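Next come two complexes built around subunit A: one with subunit B, the other with subunit C.
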Partner chain A sequence: MVMKFKNKPDHSRYDVVVVGGGHNGLTCAAYLAKAGKSVLVLEKRPVVGGSAVSQEVFPGFTYTVCSYVVSLFRPHIVRDLELARHGLEIIPLESSFSPLPNGDSLCRWGDPHRTRREIARFSAKDAEISTEFSLAMSQLARFTKSIIDNPAPNPASLNPGELVQAFRASQGLREANADQRFTYMKLLTMSAADFLDQWFESDVLKAPMSVSGIIGTFLGVRSPGTAYVLLHHYMGEIDGAMRAWGFSKGGTGGISEAIARSALSYGTEIVTEADVSNVIIKNGKAMGVALQNGDEIQADTVISGLDPRRTYMSLIGEEHLDSELTEQIGHYKFRGSSGKVNLAVDKLPEFVSRPGDGPHLYGDVAIAPSVQYLEKAYDQAKYGEFSERPYINMVIPTLVDPTMAPPGKHVISCFVQYAPYDIKEGASNWPQKREAFGDAVVDTLSEYIPNLKDSILHRQVLTPWDLEQEFGLTEGNIFHGELSMEQLLYLRPAAGWAKYKTPVRNLWMCASGTHPGGGIMGASGEMAAKAILGRHAA
Partner chain B sequence: MPIGTPFHQRTSELCTSLFFKDWAGYHTVCSYDTSHEREYYALRNAAGLIDVSPLFKYEVCGKDAAAFLSRVMVKDITRLEVGRCAYLCWCDDHGKVLDDGTVFRLSDEHFRVAAAEPSYSWLMRQTRRFDVTIEDSTDRIGVLSLQGPKSRDILKNVSDADLDNLQYFGLTQSKLDDVDVLISRTGFTGDLGYEVWVDCAQALTVYDAIMAGGRDYRLQPVGLDAMDVTRIEAGYIMNGVDYFSANHCSIESRKSTPYEIGLGWTVDLDREPFIGQDALKAEVLQGPAWATVGLVYDWPAFERLFNEVGLPPELPGGAWRTPIPVYNHKGAQVGQATSGAWSAILKDNLALATVQSAYAEPGTVLQIEVTVEYERRKVPAVVTKTPFFNPPRKRA
Partner chain C sequence: MKHQFDVVVIGGGHNGLTNACLLAMSGKRVVLVEKRNDLGGLAASIEFEPGFKSAGIWHETGNVTEAVMKLLRLDSLIQNESETVYALGESGRIAPVSGPVDRTVFGLNEVSRADGKGYLRYREFMRRIRPVISRFLTERPLNLMAVESEAPMELLTRALGLRRLGAHDMVELLRVAPMPVSDFLSEYFESDFIKGALSLNSLLGTFAAPRSPGTTTNLLMHESMSGLSIKGGSLGLTDALIKRARDLGVSFRCGQAVSRILVDNKSVEGVELENGDIVKVAAVSASINPKTVLLDLLPVAALTHTTADRISNFRCNGTTAHLLLAVDGPVLFEAASKDQTISHARIAPTLDHVEKAFDAVKYRGFSEAPVLDITIPSIERPNLAPDGKNVVSVMVSYAPFEPEGGWNDAARATLTNSVVDVITEFAPGFERRVIATKLSTPADLASEYGLPGGHLHHGEPGLDQILVRPIPECFDHTTPVQGLTLCGSGTHPGGSVACMAGALATHENLPKSKVRSDAA
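Then we have the complex of A and B:
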């Protein structure tokens, strides 16, 4: 059941107005309401969650429309906001299954020996080293934890407060030994494929591992800088287990709804179908927001849950900004590179390589048969075409949450890369290519799942253009801007404005376009709230 | 050497992990795969089918059956209506608990007792002045526990029982794939769920029908490991784990009264004499010395202990049942946690504990021992009312 909200606020004035009811906006609102503020969240769409949203797009079938798995969500936020009590439930993925075009396949399991035997069929050496690799990555991820759980310190500042923050954020790295620091430097500079080459020889293993380095970026697995994105995807944890990814019960909208319930319980007001046109700014200070319907709401503090470009260029407006900052924001890279295909099916996919129902279907399925396949997919995107044979990450959430479809039927969620925002015909021509893109995805999958086409009852195709137009993601970037080093940490979204503040007094940012970045983390929302309350993040 | 249950032929085929254990002399599955995780989530989000046939079962029949059971049980069974079940315990003459279990009233003069321990001899010894017969039906009846939010949909698919009107702790006779079964709305997971009681001869037919009917609802065969986590979340105690049957205790201090194990609510004290009544009356006047409580670990403190040595917090892989000391704020031991589990759904580290009554008030902060890198440490744990997990669907 998708939650319903009212369409009109009760009052005309609040302590805080949050623009955008995505998961970060809701998290920020919940923390502020818990601290005693009167908070109003304004969401343009009829449902909350932004891109962490579940909707019954086809009768009886609930799609996890955009985002589809979760790992990075901060455990302390679950505690602080009592999200388990409000219905949050993360069900770990059991396996990572990679079918191959030759009818073979690789499946990595929670059971280490089973995984070792699987990998050994391709490389005996890789089979054993993969546990060492996992240990190394989880240690690096642990060191990084203090960076993502603290505001990004400004290295150009000698202000004592900044130094304290720098000290806290670097706590993990200070615990690292020399070898680990070297590995860290490599991670920051190398490509995902090169980084993995240091450890592994089997392409069948490296390809599905390397894709974590390209998700949401307009880069290939051989592009420098992608190794860091790989680590970003290792930083998640479920119940203390690093690198665990899971389904959210009810789709990722289940996370947003749990946060919304928590926010409501602290007295937050949430209004949907409320389209904010701009922030009302007087003398460089935010006074409230104006809605498209002409209504105005006063507020002491306005928080933008929108991405940096929409915040700076639409909500604020260039006229209120320095030209230098305008330029910085103009250069901030979005370059959406992925799309989403959601399917309603009347039977489970039957893989050539592993026929039948089984535990290999309970995790994620990666169509990433080789590093070269992935690079070829990227090549097409570089020249303004979607990949005819894309990387696809597929999950079947109905296996663990059968309430998302009628009995015996399923929903399949497919994350697809590459689908460049700037296709050569121009982004606005995406609607004419939408179905061809959907066909490419279904055709690709059908090479591995011959029964797929006949089982499809409904198909939803979301191109980067749709992600922008419908979900407000500039250029369809799922992370509110790429996770590349030059726009992370104290540079996200712009040098000097990385601490959730904006040049407009009392206007703050709280979403993925701020440190620590994208994915369903809640960290930006939480740290923005703490910055506003004048508290350092824990 | 344990023997198979009536469902062994199916469960042993499905149990690819070969993880079995001995439950009351029967081979029972711990987990069908090497991890019980999928089974645990199935119990909470879809449905799971658990073979609980090793429960000891007794058919108590005759015109004095109700009076007899009222005499031996702490509850007044004469008031139990036909088609209802009651959870309760029974005691020795000194009011010390022998076992806890369930009594089902199948008809005016036919009851079934389900127990954790062999109880035939003890029951028989109390029959002298009653017109009753007792049959040990343990080996004659197989029991499947179908638990989880989809359990009702599945049973509706395969049986003709009127499940929409079957209340929590109700029971009904019905046909399941043409086989006569008894369906009770009971279980050990604290969720929506049913137990299906069937004659051994037809056990496999019923098993196959439920599994087939559950396919579209992602029904999973579930072993004892997953059930054990859910029973901790539900706050259900176990004989031999959280308390000991007075029959097996060589020392007095190990015995418990119903009030000490959280089963005081099952005692109907003021009525015709029943076994242990005088002692229980005295206990009520005097107040029980011990209480069984829920404990929730303080997570930030728990995590900090591990982080101090550079480790992520280590959570138990499943439910544990090795007793752990519990201390008061001054560091004096005031009891022990007897079982516990990490609840992935509640995101809480849970334990069931026996503590001195003075420390039983919900909200009391105690200290529980945690071993961190071979070192014994303590973290705060808050006394919490059980069940920890209590979804509305359980009774809806």
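Then we have the complex of A and C:
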């Protein structure tokens, strides 16, 4: 089921070598190959996809090992790369279900009327205003679209090309009225909890909504700046082609494989188990890459799909950087804050609050009973401990794609926050705490799903340390670096180097550590390819 | 009743006084109404124990600017020095974190060479960005929500101001401004107690902690503007403002609160005082919290539903208590050398310590080990205390507006004792010298000074509430009611004793050129 690739490249020189076969690296490669370049992708692991990967960890059970839902994958990439033809199938999440400790629960459905009726059980006022809220957010989401679908303009530049880009990126904002701008400004600066407080009164509703702002970051729902991501949930309607969040058939690996197939169809070569040690640099210019096994491959253009620290400090090396850039990269924050627990079970989870099978299991399940619960989980992590009662986002991919487990059995994917990379014992001591962390997750879930413990056949626990060791995610950060304001837009990954370029000529970056970063969006890979092909101004 | 006055100024704190002075200077007949018996607001002295007087709650005048003082013709009060604040750390460490740069660096070098060097870089950065921050704080706020309404030349000039920093500093300023102060300070310093003490420059009085994104903006606003101070501190400033106002013919009605602002057809008609008196005027300038003005004093019909909604969403969650102590003898900090007189010290041993103190307040609790900003005003002004005795004034972070169970005697005693215990740790024997205490919790500050939520800045200085303060309808100190101006800390450019809001607000009442020529 999992795609196999060769272990040796056919040639010793290519137009383009992409280091790292994550979804962005593959996207970038596919675009370049489609434009006629000879492209080689080198992936260190035996499978492609990076964090967007499905693997048969236990016989018969395929886990979406790391990344578990598709978020905001750019619809034009699906079209450009003909991904549907190459097997991509995204099934939207039906619902978002939040069980409560008191045996009650809230389920937000795709159908807004049904959601409103659910919310009304907790607050009539909230139910009434939820329509207005959705409308306001959907209107603002188009600002987000122009920002994530354009390169980030540099405010310090007076270059006419940059000004054109700034003009394009600010299109949504220019069309907005003063009220919308005020709301947008608040979204950019406020905490998710504070922002939602201004609309809603029910904690049961606010808590699961607020978590979108903290996923993958080392911030709490009360940290300023976390409100912004709320908008991402309203992007789906703007994109039109698909709902914002969904499963990919075959797990998230399915999306990587579709992109890989597309890339192959355009003539890209993909080689796995090829560990690149560094970029070969002569006179400030990238000439190719050197592999751990001593092989060298020449290329006119080298593209790094690795995170900024690995790109600058390992692939390039400090000796090729000026001290200021070294300092900037040194300041770039990773601070992984999440872990993953994957379960193989022989029974579907039976929730106290909604017993039996049902549509609530087909979406995502959020363990986020109150804002205070989430904030306390964060407080614990600040001082170097994993949350004893964490925020958990659970999905059951086998309900959508039963082939991922033997008949009657299921896999459950649990995203868990907070698990700080820097535990007080030191990150390298995570292996000693791994099972305790897994227990905390299962114990937390068991409070809502009494039959869970007995149904577990296998358990895979990934701590931030594991994400770093196995998937090359520095400090276990799933987004290649914190998505905090000082590391976004023209500052991602460093001031002056946010246009996928690096100070090494012909060496580019294409992954989540560049604008717009984060999630399975493909946007960084696509825009990097376009920048390399000179299809963006300046 | 015939119009005896042109303007009623509500509230006699430093912003109200500044506003009243400037209005009077432009020829207006001004009456200032103050609810308390004394003028000065948070910068007024109170006698909290026979013979012991405070120097108010806000002490620092380090952010006052020459421009405002010149406008008030009080520039003779400005002195070119800033107060030395000492950071106290665990295991007897001490270092200055403000004051003359060379002496601060010297002191920091004793603790850590890297921090001495870091401080020079820190000061240098603050000096370079000062022109931009200064413009933001001392000029009319731009209508950021509708920039098209601004004159293109004005926008261009402001944009050029930012560009004049140079590409490097401009990007650096934009990079660091949204950062949490913990990350920013860690780029300059290594010693935790120094970072802790410096972080208070941005955090005092706010619902934020070192890890809160955006707090670096508050630090930049504070630190880049520091350097000057007022002779006699905030009390000296209050006294001078009162004298100036009297000389200019401002009338005062102290001990009287405004109960209503009278509005007819969207215009101010006058104010009604709590005793039933009505003062007919066409202009009211309110230096009190905008929430109180718009929601409590105005008739409900004066505001649209949206405006009322927005101002009720203006966040004012106080987090800081104030403790006054009457003390027998000097306060001897263990770490200080014999020739060191410490009149201002901070106990914030680590950034995590500050963060933990904040964690409690999120759940309506307070920390057992609060973070303290300690001043001893009686050192500079001996008349505040009897001979051989002292007044100690402590800002206590963090304390909630309403703790679980309320501010009962037990909770008050617990908080007071924990403050005394923390000071005693750094000044052995301190607890035996305490003669009397007066604790003002955020709830007390709310009732004593009319501060909604007990918020000392009249509203949280979060990024959103800095960029548009308090709401878009009132971004430039005007309100939807003709003749009603807002001139307190809840408006641009916000809190701290700088008189700036009071001065900027007059631009609406005065022709701009008039003010400028006054200043000349």
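Quick note on the criterion: the second predicted complex is superposed on the first by the 523 of 538 C-alpha atoms of A that agree within 3 Å, B and C clash if a C-alpha of one lies under 4 Å from a C-alpha of the other, contacts with A are read in each partner's own complex, and residues count from 1 in each chain.
Definition applied: a contact is a pair of C-beta atoms (placed from the backbone, for glycine too) under 8 Å apart; a residue touches a chain by one contact, two chains touch by 3 or more.
Just so it is clear, the model here is predicted, and its values are computed rather than measured.
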Superposed partners subunit B and subunit C on subunit A - clash or fit: fit
Which of subunit B and subunit C A:P92 touches, first, second, both or neither: first
Vertex subunit A, arms to subunit B and subunit C (CA centres, degrees, nearest 10): 130
Partner chain(s) touched by A:S484 [first = subunit B, second = subunit C, both, neither]: second
Contacts of A:R79 with subunit B and subunit C, given as first, second, both or neither: first
First, second, both or neither for A:R181, with subunit B first and subunit C second: second
Partner chain(s) touched by A:G110 [first = subunit B, second = subunit C, both, neither]: first
Overlay on shared chain A, then closest C-alpha pair between subunit B and subunit C (Å): 20
Interface residues, subunit A side, partner subunit C - complex: 154-157, 178-179, 181-182, 185-186, 189-190, 194, 198, 219, 222-225, 331, 333, 372, 375-376, 379, 382-383, 484-486, 490-491, 495-496
List of subunit A residues in touch with subunit B within their complex: 75-76, 78-79, 83-85, 89-92, 94, 110-111, 114, 142, 175, 237-242, 249, 359, 362, 398-403, 407-408
Residue ranges of subunit C in contact with subunit A within the complex: 144-146, 167-168, 170-172, 174-176, 178-179, 183, 187, 208, 211-214, 306, 313, 315, 352, 355-356, 359, 362-363, 462-464, 467-468, 472
Partner subunit A, residues of subunit B touching it in the complex: 33-35, 37-38, 41-42, 44-46, 149-150, 153, 215-218, 299-300, 303, 310, 312-315, 342, 344-348
